[in-house]
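We call the chains A, B and C, going by the order they appear; numbering starts again at 1 in every chain.
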């Protein structure tokens, strides 16, 4: 009996080491099962490996990169791209700074809090020109204008997603008369009425709220852009050190990414379908909806699509100003200049 | 005797202090090539805790009280399942297997379900922790209730002892060490479950919320202060539990040196 | 003959349990939906049959996700078990060691993945290995605690007897302590196995694009209640399978723990 037990223990230990060995050797293959069709035998040129860390699960919010990857634009630029999905326990700034990823996608306000702490990170392109954040509520809650938020319960995901809401509340002098509540990943809280207004992105949660059975004329929406309290969201960033050491690679990455974005904007339905095939999230229709809404943020009406990724320093400054005002714990006032928001690489990539 | 008792406190304390010293003097940072802003040092954490003491304490209380309530309810339910499985082996046993199903449902999924059932953060937390703690107690206490010394049951039978005597005089005392084992696991699992559930709770209080909010915003000192508070609560609960254990199961082999 | 009838009896008991649970589930869902008219009924407790329909319609994607999650869970479980076992032996060797290590093991469990992940990522610099390490980190604790309590529960008289035969510590462990602790170890494994599934689901969400965890995220996020509940049931089912694997292993390797069960 004892021998059996010993055998069991030994086999456990052996299996553990074996499996650990297997898993580390087959590492990248399991991470991105879709990345198979690379390395054509005719092309023996070495591709540069580059890892992109997304802010959230992969879906049409990041369609530009997914299109560029699936259409081989990165490969055309000599890049072997690996795209890492985000998640609730993933912090892009940490992963880029730790070297798990080379380039990350995050919100500008979030990037600034890390920069203020001393993280040597720089933004290299601003993908979303407008804010996609909304406050949505049921018509029956009577929130027809921001002033009606007085005395209501408002949802936010927090962790840096609350500043625009605070700016809005301050604008209407409502800071002390509302209750802020954390939202989970669903839109159920506002649907069931446990909160009155919920944070929602134009390209995702708004539609999901409609999907819960509310028609457009049963829903009130407050748009942060219209209220003049918008802060910048999705941007690309990396460490200064990496950017300097990989100047050419970074330019090539931006060129391929922007090509992907341009193509996605030209046909958002196709981009949505591509994203759905890539990630399988929710439904094809939802990914197409998301693609169409994201397109409006990347290139708002009247925006020159040759300028995709342009860093508008005035908008960056406004983001910094709101951040200073509403994050009392900020380590230092954000620096807004070319050391933290560097357009050099983007200019080189686009010829602007 | 007193030397032994002092050693019980002194040894862990000494190791803890040594660890903190290495951490404070940059040993961990050197190992990981970390900058101070990536992982705060102990004195910074202490300073942060003191600077934010009222908030820290209220967050700790919210999380700990929810976790404890859930632990108690969950452990009682788990014990009940084990008792039923023991008393009615034929009909009760599947309950033991089924309760362990709950251990495989992640908190990410439990939290939103509990958010629908309870409209405040406390109820949601208790709900999640209850589910998390049930299986551990059920499996361990069942083993304790049934893994009797050979012939003890036969002895009881030979005295024609009634079922209640068999249960209270034999099975229950025999299960105590296992119950303590389960409680030790539940302290750790219950506390962390309470914290993770706060990531998704409809409230803006508790250690879990603060950890998520601060770590996401690069406020490492604040985030790690909350982690340290949680660790202290865990160690405190463990100490209390071992004290109770020593009194309750003096007779058991595990209490021998 | 007798064995066979016992088996049949067990099957009947299980059938009754399963039917009862389904009936209760349907009744609960019906009460919420049709009696209380709770608008959140599909989120609180959907009908059992609609969950089954969800399972069927998403069977393909859930099944492949399950395999991914399982493979990670298995590795995490094996490493976590090995670590937990090793720690338990260390702590059983000396009471001082236990006094020192135990409180800090509890403290270590208080570090959420959000705080731990950057440290692990920095240490191993590879997402796949990081996921396994984190899954093992979540799994090892119950194994360590249970095995330790088993090792400590050995009758001191028996230990003394072994010493009197001039048996060394390794021999005592091999002949007495470990066999004695085996049922405890397996109790720990029964807790750890479903927990390793949970851990694996959690690390699915650490930048991976596959696994049950990702399905859970998508469905939660997308308000796909039927997929969400199908995934939850899938999680429970995976826990059940892993539980049974441990039970089967116990029957093979620790037959002496079975006597009262049969």
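Just so it is clear, a residue touches a chain if its C-beta (ideal position, glycine included) is under 8 Å from a C-beta of that chain, and two chains touch if they have at least 3 such contacts.
Everything numeric in this text was worked out from a predicted model, so none of it was measured.
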Most contacted chain pair (by C-beta pair count): B-C
Most distant chain from subunit C by Cα centroid: A
Separation of mean Cα positions, subunit B and subunit A [Å, integer]: 36
Chain centre separation in whole Å, for subunit C relative to subunit A (CA means): 33
Subunit B and subunit C: spacing of chain centres that average the CA atoms, whole Å: 16
Multi-chain contact residues (two or more partners), subunit A: 88, 91, 94, 184-186, 188, 192
Per-residue overlap in subunit C, given as positions that touch at least 2 other chains: 40, 43, 112, 114, 118, 122, 202, 205, 217, 220
In subunit B, residues with contacts to at least two other chains: 38, 108, 112, 116, 212, 215-216
Subunit A - residues contacting subunit B, complex: 88, 91, 93-94, 97, 110, 113-114, 116-119, 158-160, 180-186, 188-189, 192, 194-195, 327, 329, 331
Residue ranges of subunit B touching subunit A (in the complex, touch as defined): 35, 37-38, 108, 111-112, 115-116, 119, 199-204, 209, 212-220, 222
Subunit B-touching residues of subunit C, taken from the complex the two chains share: 9, 13-14, 16-17, 21, 40, 43-44, 95-96, 99-100, 102-112, 114-115, 118-119, 122-123, 141-142, 145-146, 149, 152-156, 183-184, 187, 190-191, 194-195, 197-198, 201-202, 205, 213, 216-217, 220, 228, 231-232, 235-240, 242-244, 257, 260
Residue numbers on subunit A that touch subunit C, as the complex places them: 1-2, 4-6, 8-9, 12-13, 15-16, 19-20, 23-24, 27-28, 30-34, 53, 57-58, 84-91, 94-95, 98-100, 184-188, 191-192, 204, 208, 211-212, 279-283, 286
Touching residues on subunit C, where the partner in the complex is subunit A: 39-40, 43, 61, 68, 74-75, 78-79, 81-82, 85, 112-114, 117-118, 121-122, 125-129, 132, 174-175, 178-179, 182, 202, 205-210, 214, 217-218, 220-224, 249, 252-256
